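What follows is one structure encoded as structure tokens, with my remarks underneath.
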Amino acid sequence: MTTNSSHRSFKNRLHDIIYEADTPAGKLFDLVLLILIILSIIFVMLESIKGLPDIAYEYLYYAEWLITIFFTFEYIARIIAIKKPFRYIFSFYGIIDLLSTLPLYLSFFLTGTSALLTVRALRLLRVFRILKISRYIGESNRLAKAIKDSAAKILVFLFAVLVLCIIMGTVMYLIEGEDSGFTSIPTSVYWCIVTMTTVGYGDIAPTTALGQFIAALIMIVGYGIIAVPTGIVSAEYASDKKHGKKIDLNTQTCSNCNISEHKDDAKFCYKCGEDLYNE
Amino acid sequence: MTTNSSHRSFKNRLHDIIYEADTPAGKLFDLVLLILIILSIIFVMLESIKGLPDIAYEYLYYAEWLITIFFTFEYIARIIAIKKPFRYIFSFYGIIDLLSTLPLYLSFFLTGTSALLTVRALRLLRVFRILKISRYIGESNRLAKAIKDSAAKILVFLFAVLVLCIIMGTVMYLIEGEDSGFTSIPTSVYWCIVTMTTVGYGDIAPTTALGQFIAALIMIVGYGIIAVPTGIVSAEYASDKKHGKKIDLNTQTCSNCNISEHKDDAKFCYKCGEDLYNE
Amino acid sequence: MTTNSSHRSFKNRLHDIIYEADTPAGKLFDLVLLILIILSIIFVMLESIKGLPDIAYEYLYYAEWLITIFFTFEYIARIIAIKKPFRYIFSFYGIIDLLSTLPLYLSFFLTGTSALLTVRALRLLRVFRILKISRYIGESNRLAKAIKDSAAKILVFLFAVLVLCIIMGTVMYLIEGEDSGFTSIPTSVYWCIVTMTTVGYGDIAPTTALGQFIAALIMIVGYGIIAVPTGIVSAEYASDKKHGKKIDLNTQTCSNCNISEHKDDAKFCYKCGEDLYNE
Amino acid sequence: MTTNSSHRSFKNRLHDIIYEADTPAGKLFDLVLLILIILSIIFVMLESIKGLPDIAYEYLYYAEWLITIFFTFEYIARIIAIKKPFRYIFSFYGIIDLLSTLPLYLSFFLTGTSALLTVRALRLLRVFRILKISRYIGESNRLAKAIKDSAAKILVFLFAVLVLCIIMGTVMYLIEGEDSGFTSIPTSVYWCIVTMTTVGYGDIAPTTALGQFIAALIMIVGYGIIAVPTGIVSAEYASDKKHGKKIDLNTQTCSNCNISEHKDDAKFCYKCGEDLYNE
């Protein structure tokens, strides 16, 4: 019973360190993790640059192994610390964690999987989990809410833009032809999207007078309708701001169901009823 | 009398399947149509790509005929199912339906009309009719309303931008001359629109110091005034949001006058008074 | 006395036709003028295109003379019809009218002034005067008001952007040097404006790693601050919309002081007290 | 005592001239300074242009020395005129003043420091200090407030955009490879930022079908989310506008702690309690 209790207590302490950010140990753990993730991304980027001295690639290789081993231990610790491991393993962040740790081992055992190594860039997504320590969490919640509220409208809008791009792209394919780079309808649609979104690479550009006239029309229309999604989000955000109430959330994570963002004065998990202060 | 009644009942059932989306059969029909339209657009796109194996073009040709025959039957069914066929034939979607079905037949009987085949891209517009099955209909209605309310203002604004572009384009034509690609006033105006809308291809770019200075001015002005249409739509949308009431509309279409979007509890067509549940 | 009276009556009728748009004759006059201005602009544009057949340039030359003679008569009529001609002559539109009519005569008498012909593009500005016939006048008034209300803020904003561009342009000049096209500080500032406003020609683009990093920073900042002027105009426009009252203005112009946009029920000019219905 | 008093009085007068803009002498001083700063920036720009006649560089050199000497005297005067000189020396503008004056002296005594001369472009920042004479101060205060209020949200948003750019850049590096210019992950991320912010240089552009498809997706997403920061600032600005009160501030600067923007009827410094009218 004592061992069991001390074991539970170990698991609880591990849970506090890994999943929460309200204790000094938890904050330190998150900080170390954040630095390692950012370092790791920088290493992946550096590795892709050609022309560095050979010794640099060697150091990057060792650094990569060190970080990967740390992440492996972290992954195992996360599974141990939680009551229902499968809920973590098959959660969004659980899959990201696995995907960003595995490739290096695979490239060690199997040849020809070095392309997989780039999957490690997904580690960057883990930054968002850690950012719960930040005072920006309230802002990003409100941002996410405003985007979610406007999502349906913006999707309808983007769909309409896409249909317009396909039709205008087809028209431009007929007018400009292959000499100006409009080699097929998909390419023309690509050009139309590049133009409509005001990106304008210039790798494909109309050369005939009629083509330039229609391109100008497309741009003016694009300029006029860029206002629409902006107006939507503005209105949504303003109305959200008016009615919204700020609720103080903390970073405590339920050790049973892995749900976070409980209210500050919460005693039980709002999802599964688990006692949050249960030792 | 029985045959007449069974005939009316057949027409009614056809009407329910084709024009409405509240019954399982209607939903299925719309789904099949949606898939066929999207497939058809993909086929038109693939056809335009050069360098595919010959067998691919052959398959695309057969697939195209299959889809066109289906659309032909659908077109005929739509005419049969409605009480006033001419109202459908000369409606916006009726013309789109005809235009997107006819070209293949024409290309079969007449040579040299293969350019017409691209008209089939118009089929994409039919997607909007089907989307009435979607829960996005309320959103797109509100979007369309906000755009319509702001249309007059945005047109005034775009007209002012156009006048500015013509005058600045003429100025740039005088300053830069033909060496930098400003070969004529229309080309310079095209360049000015490309710049003002922040598309910026770079196929034409000022090379003289004075030209670059004026181009910078044009950009700064363009950057400053891009705010105007956005502000308009935002304000319009926000005020619409404040005063707007959500009304539940369904997808029922009057079999007499082809008007859709009746209120959920409507018994008679709000336009022509036709009994909507009339069998 | 009779001749004088008939003369006044002729002047009054001329004034009604030229300066007002509420009578059928005034509407017709404005429509003819609008068509001639647009035709004239199209002719100026066509003239600048090289490679047309010689006969086309000849026709354009004759058409230009016809239009110029009409505009000359119009200019003289405008001076005759108004009570205080100098107020018209030195008004904004008076100068535009003169500038867009004179160049052709000058090019006839003086050689080497053909570059002046492009000044005729200023005729386009006259379109705004005619548009008082349009139902868009209310919209453009509100637009102009929103822009004017936001002008001070947008100028402050654009000034800050300009200072930022000058400083970042200098930094990029130091980093990239002449090899990448950053040949001088003014050129670098030009590049920075092109980038910050998201135009992005690509005629000058950073090639060093540090230069690309700073360019990316500039873009992200530019992307973030593009929101500011938009937010300003939105807020200004929305508040204007809330407090604004729609006042019915008509197109009547005072024959004494040339002020237009009197209230619908105005009997006397709000500026100079002239009786508006005085015969 | 008399000398001391006259000395204090001299210091006070100097303080009024240099730090304040409410007296004629202070306004004149600010105007002269503004002109000299702008002239100086123009000179720095001109110097960087190659191909001017040698005599021009010589004149620019002398002009630069004249302006630098004036700025040196101004710097010394600023230190003398204030009660707590270190507060000025280590303030933001104090450091800018030093940095923009020193390089010319350094380039005179040390060779190889001519690159430092470009630091003089920082002088432009001093313009903001002088602009307190302008009626735009109220506007820029409100602008700065709206930006500051939205800063946290916009930073969260830009961070999310950056993460998205890094992940999509890595994806494009895998798809496009080195042939299309995607030579390394950092370069691909740079391309992704250029695309997402709709700058679109075109120096790097996808050439494969899959790459163009994903690029189009990135653009559409970028087009959709450009609305977000705009919406934030709009809402912030509108709400600020609603609740904000205009307070009349003047340009008086406390001679003790160098704080400006006291209320119009202030008698004592709101920060340190110094008597503002103390002679």
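By written order: A, B, C and D. Residues from 1 in each chain.
FYI, a residue touches a chain if its C-beta (ideal position, glycine included) is under 8 Å from a C-beta of that chain, and two chains touch if they have at least 3 such contacts.
According to UniProt, the chain labels map to these proteins: A, B, C, D = Ion transporter.
Note that the coordinates shown come from a computational prediction; the quantities given were computed from them, not determined experimentally.
**Q** Hey, which chain ends up farthest from subunit A (Ion transporter), C-alpha centres compared?
**A** C
**Q** Any idea how many Å lie between the Cα centroids of subunit A (Ion transporter) and subunit C (Ion transporter)?
**A** The separation of the two C-alpha centroids amounts to 47 Å.
**Q** Taking each chain's centre as its mean C-alpha position, how far apart are subunit B (Ion transporter) and subunit C (Ion transporter) in Å?
**A** 33
**Q** Got the subunit C (Ion transporter) residues that touch at least 2 other chains?
**A** Residue numbers touching two or more other chains: 157, 186, 189, 198-202, 226, 230-232, 234-235, 238.
**Q** Using the contact definition from the top, classify how the chains connect: line, ring, star, complete or other.
**A** Shape of the chain contacts: complete, all pairs touching.
**Q** Which residues of subunit B (Ion transporter) touch subunit D (Ion transporter) once you look at their complex with the stated criterion?
**A** Contact set of subunit B (Ion transporter) toward subunit D (Ion transporter): 198-202, 230-231, 234.
**Q** Note which residues of subunit C (Ion transporter) are touching subunit D (Ion transporter) in the complex, please.
**A** Within the complex, subunit C (Ion transporter) contacts subunit D (Ion transporter) at residues 152-153, 155-157, 160, 163, 166-167, 170, 173-174, 183-186, 189, 195, 198-202, 205, 209, 212-213, 215-216, 219-220, 222-228, 230-232, 234-235, 238-239.
**Q** Going by the contact rule at the top, pick out the subunit A (Ion transporter) residues touching subunit D (Ion transporter) in the complex.
**A** Its residues touching subunit D (Ion transporter) are 41, 44-45, 48-50, 115, 118, 121-122, 124-125, 127-128, 135-136, 139-140, 142-143, 146-147, 150, 154, 157-158, 161-162, 186-187, 189-190, 193-194, 196-203, 226, 229-238, 241.
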